[in-house]
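There are two complexes below, and they share subunit A, which is joined by subunit B in the first and by subunit C in the second.
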Partner chain A sequence: MNRLPAPKLFLVLALGLAALYLFPLYWMYVTSLKGSSEIFANPPTFWPNDPDPSIYPETWARRTMATFLWNSLVIATGVTSLTVLLGTGCAYVLARYRSVWIDIGLFAILMLQVLPASVMITPLYVGFNQLGLLDYPRTAVILAAAGKAIPFYIVLVRATFMSVPRELEEAALVDGNSRWGAFFFIVLPLARNGILVLAILTFMQAFGEYIYSKSIITTQSLQPASVGLSGFLGPNSTDWNGIMAYAAIYVTPIVLVFVILQRRIVAGLTSGALK
Partner chain B sequence: MTAQIELQNVDKHYGTFHALKNIDLAIDKGSFVALVGPSGCGKSTLLRSIAGLESISSGTLKIAGETMNGVPPRKRDVAMVFQSYALYPHMTVERNLSYSLRLKGMSRADAKKKAEEVAKTTGLSELLHRFPRQLSGGQRQRVAMGRAIIRNPKAFLFDEPLSNLDASLRVQMRKEIRSLHDRLGATSVYVTHDQIEAMTMADYVVVMRNGVIEQRGRPLELYDFPANKFVAGFIGSPAMNFIASSIDASGTRLIFDEYSGESIALEQRLEPNRKVIAGIRPEFLRVASEAEANFHIEVGTVESTGSATYISSQDQMVTVVQSERTELKPNDRVGLKVDSARIHLFDAKTEARIVTDAG
Partner chain C sequence: MGRIVSSITDGKGFDLLLVGLTMVFLLALAGVPLVYNVVMSFQQVDMFNLSTFSRPFAGFSNYVEVVSQPEFWLIIRNTAIFVFGSIGGQFVFGFALALFFMLKFPFASTIRGLFLVSWVMPGLVVGALWGWILAGDFGVLNAILKGIGLIDNTMFWKSDPSLAIWAVTIANIWLGLAFNMMLLSVGLAGISQDLYEAAELDGANGFQRFSTITLPMMRSTIGAVLALGLIYTLQQFDLFPAITEGGPANSSNVAQYWAWQWSFQLFDFAKGATVSVMMLVFVLFASLVYVWSTRHEVRG
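And then the complex of A and B:
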């Protein structure tokens, strides 16, 4: 008798929290479609009286969003490629071998994950400056952001590799494959889902990367959309629907990818945990 | 007969753990050898060393006369059947079967034809396009076997291949594996912890414990003449009864110390007053009248499977198996008779078999 209300209560709670969390997203879309006077109306309107989508093409052109988004894409692609290329092999080794050194390595990697980007940026900036990397600011950002993304990637891809039974590899070895062959043709195809999901997550994170880009890239034509958006904001900014339109254009592709792939992403993240 | 697999003074260390201790073993071409022992005895390590999945720390390993130390698994030309079958989940049965052939560079069409042939002999023809997850345990087992057969390897290595099957299927696969071995004229090494599998399938049984070979021989040799108490207890089901005993002052009688000093005449004279362990198989003990009985037990449990009746003593030290049914109930005192020729004697300290003229 007493047990029935509990699940419903939790459902209501969950929906309430989700609504609270997603409200800014909703507010972003709604505000972008409002006229400038309606934005400041009190009490606020929850649906624009006269939706005006023309702000989108206008903002796109005025803020040179094509360039910003292209830079975001370049950085995200770079970070993802570097992470997958280096992280996959690393995760595999950490999954397959057991020793004190592996444990120390894993601990060190987890420590990397702990350090926030805002703490790392100063030493990185100085280091990149010494190496002359600041002349290639996007490359520098890719390196810095990949360094931040790899630990997360390694820890989760390692779990994926651990779910691939070792005996499969051994069977492949006895069947006549080399160590490399067994990795590429047996283990990788079986870990593909997990790797794919984490590559997508890495990509999405890098697509929104801000701190390193803001600090390292000073040339506006090389800045990603996140930095472009912050340039929009100022103490006196009034162009709220323009800002919201910009944000909507920036965020919508990421949200769409997430919505389309959410089933696989959830499955991929838990694949190592559940057997 | 030439040895197909030869191990000389093979040792294996994992850090400080000594997994294989000075193993010498020659496996003849065409023979079926079972490695048995409790878990952790090194039997799987030995098999994996032959396959090349583990490297040996010292000694020599030869397959078909060639030294294989340090040779990677793919160049050893041995096939292995794993306990978990280890079928490639992302490949169909056909591709699982023909994987090794395609690695060798055989054309797709030829490999397919070969896979179909093997599928026919293993009863998998209908399943060639299925994936492993769509197969039952028995079918997966067959694919694993087929994958080994298709290569026509120098040796088959089996790592507890039947332990994931249910009991009736296990009995059936036991016969199938053995008849397959005979048909192919293959050399097989079969690891199991189940002594019944070893006894029924193998030409030779190698009993291992703690990285050491305790005894090797034909199945019935091990049953009739176990070299020590461990082998005696491991081979045979239900396990052999062990009774702490001693030889009397004249050296002609065996005294069952644990059974109020009851005794039995020995076949021949032994060193007087020596402490020994008497081993008697449950099937050679029988319930006897007071006049015939050699010693007595208090009945603890009586179990009957219909075909056999198991009578155990209260202290669980002695079990009797008989095919006749019984009226005995717990707490009954019952006399047991044994033919003294059927008693195995082991030294109380070394646990080694005491060799008598009788064997």
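And then the complex of A and C:
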């Protein structure tokens, strides 16, 4: 490609494409700063005439966002802890051996990874109802969402473990470590970065989880922020600057974490998904 | 007893324990519900027998009833539009962007990485953003399209029955495009640069290099990306409640949202399970294609 002499031109084009692609995010922030009459201006203004951030504290209080975000945090923390606890060891074993049984296990996990949540929610809801788990709705959502997150986590963390040299672990065993010792003190520290990135990704996904929470949690004070947003969102919404302010408060932490960890997240994702 | 303990600390028991715990969990929360779903689709389920296990056997009556609903074929058609429209859009734009970002220029991989932000955002927030962009009278998309002269009349994306499914499809293309691009970029990066140089020396032009090197070398990646696209599109749920709620009059309703409506708006769990089982057939087919195309990479 050396014949093409214009890397600067490509850079400008790339920035233009990124700006075009990220326009919805820009539009969210701009709309939230507009007054309630300016959002209906025709043609729309691409920069607010009179930026007014007062909608943020107002939306925060009126939509009880503190409660909603707290519940999102509880659910995301629960899902991530369960996923890391159960997924890491399993991914390690699946990475360490090669046999027919390992292939069968991998195949089963890949198949579980593809089940749509909208398919699983009906039997899960009926089953949870029979077990009495619906009385603990957030726990029920954590269990259901972890069942969805674990297969994805295993597939990608397994790729991380594959890159840990087997010799290091064997040396530790020869030196008199038990399997536990070798796993916790040699293998886990070496795979730390990959595990951390995938735990963060799991957390982000669980933080935005909607369908299980919407179906299982009926008490408003226990619902997460996604269900809270759906409460005033629909085909006939008009309170757009309020919705955009809510969305901005909800999504800004996720966007910030993503931008800071972008390189690692992309590397962690692509290492295992496909080569 | 001592032998079991030492096996767990130092032998096969260690591996079996780690895998076993997770497998039991996944079996309880994914495997059993999957079977239970199929069982329920052959049962008569109502609010009275919801919490018992002994329900009347219904044979194929749930399936017959679902298929004979007046909206059944409309929903099949919408699901097909949504699935093929989304996969097509995500793949074409994703591939074009992936090829563009393979060019050498400063910050290429950083800028490319920024695109993935759409993929980590909560689906409901993405739905909210597009619901506002696509709004009829005050939406910015209409204003832009009018401004550059592509349309003269206001397009009512969300309330026009012939456009509503496309409104959700556009949002889903935006949502999944970055992930497609990332996977395709990984595939492109795996093609040896020597091949292109050799072809260039032999006088092959850009199109010839693309069709005789890029496409054949990318075959398994493309297979996996398309299969994953089908899987993720059938998993997409959040955009529907956020943008159109399946309306107007089911004109943007799809199988995954319909299944949920049966169970959680009409409280007919058997019908919800029936629609789910029908969907599962497609999902399992797609996942077989996916597992087949990635079998070498996943085994490692």
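Criterion: the second predicted complex is superposed on the first by the 243 of 275 C-alpha atoms of A that agree within 3 Å, B and C clash if a C-alpha of one lies under 4 Å from a C-alpha of the other, contacts with A are read in each partner's own complex, and residues count from 1 in each chain.
Following the convention adopted for this analysis, contacts are C-beta pairs under 8 Å (C-beta built on N, C-alpha and C of every residue); 3 or more make two chains touch, one makes a residue touch a chain.
Keep in mind it's a predicted model, so treat the numbers as computed, not measured.
Once the complexes are laid over each other on subunit A, subunit B and subunit C both fit without any clash.
By the touch criterion defined above, A:Y97 reaches subunit C but does not reach subunit B.
In the overlay built on the shared chain, the residue A:F184 is in contact with neither subunit B nor subunit C. Once the two complexes are laid over each other on the shared chain, residue contacts for A:Y26 go to neither subunit B nor subunit C.
Of the two partner chains placed by superposition, only subunit B is touched by A:G176; subunit C is not.
Subunit A is touched at more residues by one of its partners, and among subunit B and subunit C that partner is C. When both complexes are overlaid on chain A, the residue A:E167 reaches subunit B alone and has no touch with subunit C. Put simply, the three-chain overlay gives an angle of 90° at subunit A, taking C-alpha centres for subunit B and subunit C and rounding to the nearest 10.
For the three-chain overlay built from the shared chain A, the minimum Cα spacing from subunit B to subunit C equals 8 Å. Within subunit A, the residues touching subunit B in one complex and subunit C in the other are 178-179.
The touching residues of subunit B, counted against subunit A in their complex, run 51-53, 72-74, 76, 78-80, 82-84, 86-90, 99-100, 103-104, 147, 151, 157. The residues of subunit A lying in touch with subunit C in their complex are 1, 4, 7-8, 10-11, 13-15, 17-18, 21-22, 24-25, 27-28, 31, 39-44, 86-87, 89-90, 92-98, 103, 105-127, 129-130, 143-144, 146-148, 150-151, 154-155, 159, 162, 178-180, 183, 201, 204-205, 207-211, 214-215, 225-226, 229-230, 233-235, 237, 240, 243-244, 247, 250-251, 254-255, 258-259, 262-263, 265-266, 269-270, 273-275.
Only residues 165, 167-168, 170-179, 181, 186, 189-190 of subunit A touch subunit B when the two sit together in their complex. Touching subunit A in their complex are the following residues of subunit C: 9-11, 14-15, 17-19, 21-23, 25-26, 28-34, 36-37, 40, 45, 50-53, 97, 100-101, 103-118, 120-133, 135, 137-138, 140, 143, 146-147, 158-159, 174, 177-178, 182-183, 185-187, 190, 221, 224-225, 231, 234-235, 237-238, 241-245, 247-248, 256-257, 259-260, 263-264, 269, 272-273, 276, 279-280, 283-284, 286-287, 290-291, 294, 297-300.
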